[in-house]
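Structure provided below as structure tokens; questions to follow.
Each chain gets a letter, A, B, C and D, in the order it is written, and its residues are counted from 1.
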């Protein structure tokens, strides 16, 4: 079973040289720590920076330089700043090659719910609806089940949707799933996790091939 | 009767302090030479400059700095350069207070034709259709009649239109006309021009008040 | 010959803002917000405001200051977390909230300034954001029709500005400011440094002065950091 | 970590451009045109091109060079005067011409790059440009629906660029270049000065590198002036 860093590490293997990548808040942010050797990617943050670098060294924080999570950041050589319309032009125009997002629920046709729980305070969707509606390649980083042990990998989402038919891949603490043809296709098991565990934790339609390899978590 | 410079001089009196102004090619360009004392205006050229200045002194031409007529120009202190989408955002968004354009024909409901003559080489509308569709205040600078003596101030345009119902005022060598309620309203006569001359040269519906003052061409 | 948009201070800049008006307020989180103008709005006590702003500040800073005084009737935003008073007013029904995807919010402000009354976007299709909106398929993909936003006043914050109203923003403090500057019937710009015309490179202007009606040099910028994150040296 | 988009020269940059493709070519008149890439297209001899460009050059410069060789099948432009060969081909029916209002052309390119498939604009309503297009009234005023433009390749010219593809244009040579850079499936940028990453101020980038796939330093820029106008000292 993977921890959050393990999920991020597995997702990082999906990066390809030359990708522009938008990482959501939470587990997705951790992906930046596991970029494979020999791969150059550039991070976009939708509040208006391309070429986002690591957090600043203490004392060097610039209140005018933050990411979409409102955290102080730095800019790498070759960075660019821009306004919010330009930022979402990049996103809607499919210039960002990979978006990694968290989710509360994902359905077998690729719907995603990650912004609103009825009866609870609604904070808003921020840029999530633009991202999921636009990205060519969306990977969801999430836990397979909720705290009550109920599956979040569903036939249909029960929560209000963020986007429809958009998620291509899900990486959880248990598995890597590909979404196509109205089903989750089990691609990989997490280390030490059995196919049975995954089947038990998955409420949506799951296609299980004869052989399901264990993830190879490269350094 | 006015010459081209006279028409420009009269139009310049329509400038108000603080106006952003777009001047078309031809007579409109001359308006910049007659800005009244005490009036500050700024010129926009739709290829991407605000704060356009006079032509450069010989030897100082910059091929990267031209106006919409492709002439070498200069920029005044406080100028700004921008791309063509931003430029027409200014125009369509009604941030430019006055547009001065030439025309082949104008009709009594404010239609304008100034881009195409059937059977002749069509060069294109450039920015004219955006300008006439967008400006709150459009003044047309033109000759009252064509070379054959036929009126260009018409009940309906005969040439392909550039825009409909958009022209507010027309200044010709003979008169200042306001367009409203489907008619040309005679506001002023050019020096030495009689009301009869104007009536004779105007094919469109013309409303003539009892007293038609002669233009006061301030210096 | 360039025009002079300079006013003395926030008080003069905000003159004419009245209760019931719609205001656009620049900034993302607390980054790039017009601190001086917000303080002036609190002082003026105008109420029943509709505020279009990506966020709603925190309890004791940014638009949170107006929320505390119950000056805002409606917020149009993309994300409104980090604000307890906001939550209380929203749940009690005192405050109306219209949530819009961030990219649509940005594009709708730009459209409002650019004379584009409506446009199609894929964002929000199939969600409650798309409910009641026209749907059209382009290139096999459903899109919804979104309309332009404008405001009686747009209030933005820039790093540098000149007397003609040209603005340059700094880093990610740019965010919504240039778009809202375009969409205000009257646009107020407060800047950290106001310079005479000719001192800003015309090639490097982010907001051309044509969009700005009033400009003033702000003072005592706090520039509060919402999430201070650092690494070891 | 920033990406490297540098190619050696126009030949390498234009690799993959084929006959029958749609190209966007930046510039207004002869100002800000990608001279090196145009020369390379002549050399490559690709034909049946659809060129989206505000103008069509003059007889012996700019896109006029491609027209002379009859490499262009269709021009999508706003103004095509100053070119006799263009006129001849157009009148003889060899060349198809689609004339678009300049502002709509600019906005349609931006929309193509920004994932906005269509938008409403007042420009062209009631004229032949509006014929066959959907009309809708907003705020009492008729508008027409215009669609986005994209291209197989966009070819732009900038003043300075870095290895990550970030671009800065000079003065009015900016014009359509940043918009077309957004709308190319592949975007080629030729620059007067190519610098290492870190040498351009990230606050002053006109075209962020994400829009540029290939960049090279051009040479021997002629920068011909179309209308040399001067005043006495």
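One rule holds for everything that comes next: a contact is a pair of C-beta atoms (placed from the backbone, for glycine too) under 8 Å apart; a residue touches a chain by one contact, two chains touch by 3 or more.
Quick caveat: nothing in here was measured; it's all calculated off a predicted structure.
A.B. asks: Going by C-alpha centroids, which chain is farthest from chain A? Tell me that one.
C.D. replies: So the chain farthest away from chain A turns out to be B.
A.B. asks: Quick one: report the Å distance separating chain C from chain D, using the average Cα coordinate of each chain.
C.D. replies: 32
A.B. asks: Centroid of chain B to centroid of chain D, CA atoms only: how many Å?
C.D. replies: Inter-chain centre distance comes to 29 Å.
A.B. asks: Averaging only over C-alpha atoms, locate the centres of chain A and chain B and give their separation in whole Å.
C.D. replies: 55
A.B. asks: If I count partner chains per residue in chain C, which residues reach a count of at least 2?
C.D. replies: Touching at least two other chains: 107, 110, 114-116, 121-122, 169-171, 202-203.
A.B. asks: Give the residues of chain A touching no fewer than two other chains, as numbers and ranges.
C.D. replies: Residues 49, 75, 81-82, 85, 88, 91-92, 134.
A.B. asks: Among all the chains shown, which pairs meet the touch rule set out at the top?
C.D. replies: Pairs of chains that touch one another: A-C, A-D, B-C, B-D, C-D.
A.B. asks: Looking at the complex, which residues from chain C come into contact with chain D?
C.D. replies: Its residues touching chain D are 107, 111, 114-122, 136, 138-139, 143, 147, 168-171, 202-204.
A.B. asks: Give every residue of chain A touching chain C within the complex, in rising order.
C.D. replies: So the residues of chain A touching chain C come out as 45-49, 54-67, 69-73, 75, 81-85, 87-88, 91-92, 111, 121-130, 133-134, 160-165.
A.B. asks: Can you list the chain D residues touching chain B in their complex?
C.D. replies: Where chain D meets chain B, its residues are 28-32, 54, 77-81, 87, 90-91, 97, 99, 101-107, 109-110, 121-129, 159, 169-179, 206, 223-233.
A.B. asks: With touch defined as at the start, can you tell me which chain D residues reach chain A in the complex?
C.D. replies: So the residues of chain D in touch with chain A come to 1-4, 110, 112-116, 162-164, 166, 182, 196-198, 202-203, 205, 208-211.
A.B. asks: Which residues of chain A touch chain D in their complex?
C.D. replies: On the chain A side, the touching residues are 18, 20, 40-42, 44, 49-51, 53, 75-82, 85-86, 88-96, 134.
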